[in-house]
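Structures follow.
Two complexes, one shared chain (chain A), two partners (chain B, chain C).
The block that comes next holds the complex of A and B.
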């Protein structure tokens, strides 16, 4: 049963140590994403959606952040697994030195090992494409960079193939023997230290040229894949010369160029025009089907959730309060917070002049409310809610909720 | 781009006119310009001839006109201090200053940028604190104090380095100093004299360190701050999410962006240093523009002073232009129009 999950987060606790006090940003989150699905993570700003996503990438800045506890089990493709296993001092602690099967605990990886996964197996797109792209490098450079980083082996093989072809076509290739030897070495071991050293020496580093050309070609293919018109020109463009939608397409091209198993989209359409939003969402969906990637879609827009997500998790103040199929959650939301969210969607067909809101404000996470973190705003709050934190329990298959109203806890 | 450069160079004309008016007026206000041409052995009729020849009897506006005409015709007058025409004197002293400046500014660029990046990465750690203290000291230390202390320690006390000059006296006395480019380091290599190269390098160390210390401090501070700013931006997170190692994130993605504000500071310092480091050159008897101009002012050699000021103005404008062009190269968002 577990095998179909691409990622499982268990019992995640993350604190941020700030001058004002300890911000308990993530307080026991459990969630898992099935292979190939789109999982939507919704909630107000500051509820910990992005922190959860960053923790999957190992991108929590420490300090001030600290992962107190938790397991993030990621189903890693074999090829990366082999590289992680072969690396020296890959694991932080002595435990879990021998990961079982194809699952790996991201928390236990050291910096070097997690870089094998970042960008290759899990990648991320961000809210503001303008600031997420480096202004001083061209779009093409930024795409080919990630390809050069993670797909050395494939590139080396492609270069070798081309070398052979040209040789058989009686063309003269300068330094054929040298190139062949270098690239054979690279295809066998992409992390070779000698090659990395050679890349730093003037003249010798020109051996990379055929490989860079190969990577640029792949970057061009990626730009075509994300349906960018006139990709040749966009390759040479700087981010500021592109529109917001184009920039986000370039970001998607970067994120998907190594065919990751999981794509984290952190509010990918928030900064875009509504018309562009739909295009980008459609693009993500199409590419997801093409590549079989799972998507973690972080958003506060319930419309997007309804449109693209298969399952949804609702977060409130650092806790996952409910998770279910998209249909179920819109039809019968169980948690009072989810119900509040659903009610606050403006409805055009009903003649209501006032917008529905949830009473009260998001709690301060330095001093979060005791027990259930929602009890201060909950219309059904009971005495019990202030004392004990409700656990996430499965009400029916695929529908879990963390609330004392359900699940037969003796709440009187 | 070419249009932009031409436009900026044309702007030089009003700048130079302004500079020349101010400096010319100052030299006329502060004394009699004829003093530079007269000595005690001259007869009154000879003095009268000097007045006639250099138009000192004419109205000041006419004098300015004559002087300006000379400037345009590249006749910048006679430098009494250097005992040669001002244009020749500039050509003679400039290479020494250029050599010293190039060495100091390269030192400042490499050391400053490295320290700035290194301390931004180790923010609030001992290395960062130490760098910040040193750069604060560097900005606040007077150049003459540092120069004298260095001289005391390394020349007088330890006898490790020569006290001043561009090369040892033996080379001057034997008149074997080459004069191909005027930069002794290059010339000594061109004639293949490694002994001279080492000698020149040894002479350069103390003045270069003195001159670059303040610039290193400023570059370090600016680089540290702009690195800290850049490192908190989103595209650095993107770079991390790509799986790049910290080294390429810092030295490729962050450095290139952080260099943009630092370039301005480096350019301005370069201009300032080229204009002649009066104190450093005087203390280390460096035969450069700074020492020449300081001596000229003391001797009321107004032709030299005027020539020097004009040249500094040109250098400043040209270097500012170079910085702006560099900007467009470093930051693709900048368009030169």
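The block that comes next holds the complex of A and C.
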């Protein structure tokens, strides 16, 4: 059962040390994503959805952020595992020097090792495609960049193959010996220091040209994959020349170009209009099936959750309060907060003049409420709720909730 | 600067476009290169057309071209008479009015030929301003981008050093430095560079600080790009355009400072082809009465022409810089 998880987050605590005080942004989050599924993470703004996602990528800015406690176990593909193992000083702590099996604790990796995972094994799609693309480079350049970063080995092999073909077919090729030696070296060891140095020397760096061309070809294939019409032209377009939907497609192409095991989509459709939203969601779903990628879909739109997610986690003020199958959570939400969320969805068939809301505001995370963080707004709050923080308990298989209302069931 | 490069490569590809047969991808392929460069060329053409619509830009450009032509054709307009071209030929007599004795712009203190001074002074001014601005930009770019990007202690240290330079009045500091060193053109340039780079460092640091918060920088980190590469590939290209504008506008101001330094005597020696020095030399005769072929003249040309040269130079680069700001600003572009 355990082996099926692509990522398991256990007991994650993240604080941000600001001038106003310590923001307890993530307070004991436990969640795991099964291989190949789409896991939706919903909650109000500022409840820690994006912080959770960034912690998976190792992108929490420190300082001010600090990961106090927690394990993020990521099931790493073999080739990355080998490179992580072979690298010197890959692990921060000594206790995790020899990771068991194929699981790696992302928290314990150093900067160099985490760069092997970022973009390659875990990718991210951002909220606003316009600002997530660099305005001074063409779309093609930006897709090639990630391919050149992570797939040097594959590119070098492709170049060598073409080199041999050309040699056999035509005879003379300019700089054959030089190129062959360089690319054999590259295919054997993509992180070779000499080659990296050569890439910085004018004239000598032209050895990269065939490789860059290979990467461009792959970028073009990626653009076709994300169903961009006229990919040749889009390759050469700057981000501002593309529409929002196109930009997001380019972002998806960047994120998926190394066939990541996990794709984090941080509100991928918030900045897009409704018809484009549907297209983009459909695209993500199709590509996910094609590549077998797991997706962590961060959103505050319950419509999207119902549409694309297999399982859902509901977050409130830095805690995961409920997680269940999508159907279950819409049919029988257990946590009062989840119930409140469901009630506040406008329904077409009900004739009401006012929408139901959850009373009050999100608590200040510098001084979060004691006990259950939701008790200040909870209609069923008990005395007990102010004192003790409820644990996430499994009410029925696959449906967990953190609320004292259901604690009794467990205790007998 | 970047646009120059594009221009060159564009010409190159045009010349090499002749072979029509599809070249193998490992040899040099002009068509492929052309295709790769197409977006850059398109942007460049767009910039050119924006530039053409801008009248002040064209005015500034024509001033600048005029000065550059003067500098380039200096040996033809007024050939040097001694080994040192900075030495203005002179007859050690009182100033003569424009047109007298074949001196088109008249003569100045000790009978120095004004035309010679203006023409060769263009060379001096261009070399001073280019050297000062380019060196200043280079130092400022390195210091500012490192300080802004890495932050923390490095930032503090580098910016405090910058503040030390900025806390003293620029001209006074330049005077102090120039007075310590030997009195020549090179040392004057050095003195100006030392007071010049801190403003660029501040400018680029502020830019880097704002650019590095952009989502695309985080996106670059999220795909596993190294820190240094993020700085050079993602941040600097996005933060450099205000620096280009400031540098272009400053080319004119450098000449003003240099002229000021020469005027008060820290710079080239008297009688040299440098506009500031010429104004200073002419001051002795300014508005005094001189006689030429029996007629009376009020000597205004001794400071008027070098002053006009400074004005044209400064104004040309300021207008050009102003136009560049409009063109390089992505919000103004479309």
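Quick note on the criterion: the second predicted complex is superposed on the first by the 407 of 412 C-alpha atoms of A that agree within 3 Å, B and C clash if a C-alpha of one lies under 4 Å from a C-alpha of the other, contacts with A are read in each partner's own complex, and residues count from 1 in each chain.
Note that a residue touches a chain if its C-beta (ideal position, glycine included) is under 8 Å from a C-beta of that chain, and two chains touch if they have at least 3 such contacts.
Note that the structure is predicted; figures quoted are calculated from it, not measured.
Trainee: Quick one: on chain A, after the overlay, do chain B and chain C clash, or do they fit? Just give me the call.
Mentor: Clash - chain B and chain C, as placed by superposing on chain A, overlap.
Trainee: With the two complexes superposed on chain A, say which partner A:119 touches: chain B (first), chain C (second), both, or neither.
Mentor: After superposing on A, A:119 lies in contact with both chain B and chain C.
Trainee: May I ask you to name which of chain B and chain C touches more residues of chain A?
Mentor: Looking at chain A, the partner in contact with more of its residues is C.
Trainee: Quick one: classify A:210 as touching chain B (first), chain C (second), both or neither.
Mentor: Only chain C; A:210 stays clear of chain B.
Trainee: Please indicate which partner A:163 is in contact with in the superposed arrangement: first for chain B, second for chain C, both, or neither.
Mentor: second
Trainee: Kindly classify A:240 by the partners it touches after superposition: chain B alone (first), chain C alone (second), both, or neither?
Mentor: Both partners.
Trainee: Is A:59 contacted by the first partner chain B, the second partner chain C, both or neither?
Mentor: Once the two structures are laid over each other on A, A:59 reaches both partners.
Trainee: Please indicate which partner A:133 is in contact with in the superposed arrangement: first for chain B, second for chain C, both, or neither.
Mentor: Touch partners of A:133: chain B and chain C.
Trainee: After lining up the shared chain so the two structures overlap, which partner does A:179 touch, if you call chain B first and chain C second: first, second, both or neither?
Mentor: Second partner only.
Trainee: Across the two complexes, what residues of chain A are contacted by chain B and by chain C?
Mentor: In chain A, residues 57, 59, 115-120, 123-124, 126, 128, 131-137, 145-146, 149-150, 238, 240, 251, 254 are touched by chain B and also by chain C.
Trainee: Which of the residues in chain B come into contact with chain A in the complex?
Mentor: Touching chain A: residues 233-235, 237-246, 253, 256-257, 330-333 of chain B.
Trainee: Where on chain A is chain C touching in the complex?
Mentor: Spelled out, the residues of chain A in touch with chain C are 57, 59, 114-120, 123-124, 126-128, 131-138, 145-146, 149-150, 162-163, 166, 170, 173-175, 179, 210, 213, 236-238, 240, 251, 254-255.
Trainee: So in the complex, the part of chain A that touches chain B is made up of which residues?
Mentor: Residue positions touching the partner: 57, 59, 111-112, 115-120, 123-124, 126, 128, 131-137, 145-146, 149-150, 238, 240, 251, 254.
Trainee: Along chain C, where are the residues that touch chain A in the complex?
Mentor: Chain C reaches chain A through residues 24-28, 32, 35, 38-39, 43, 214-216, 218-226, 233-234, 237-238, 330, 334.
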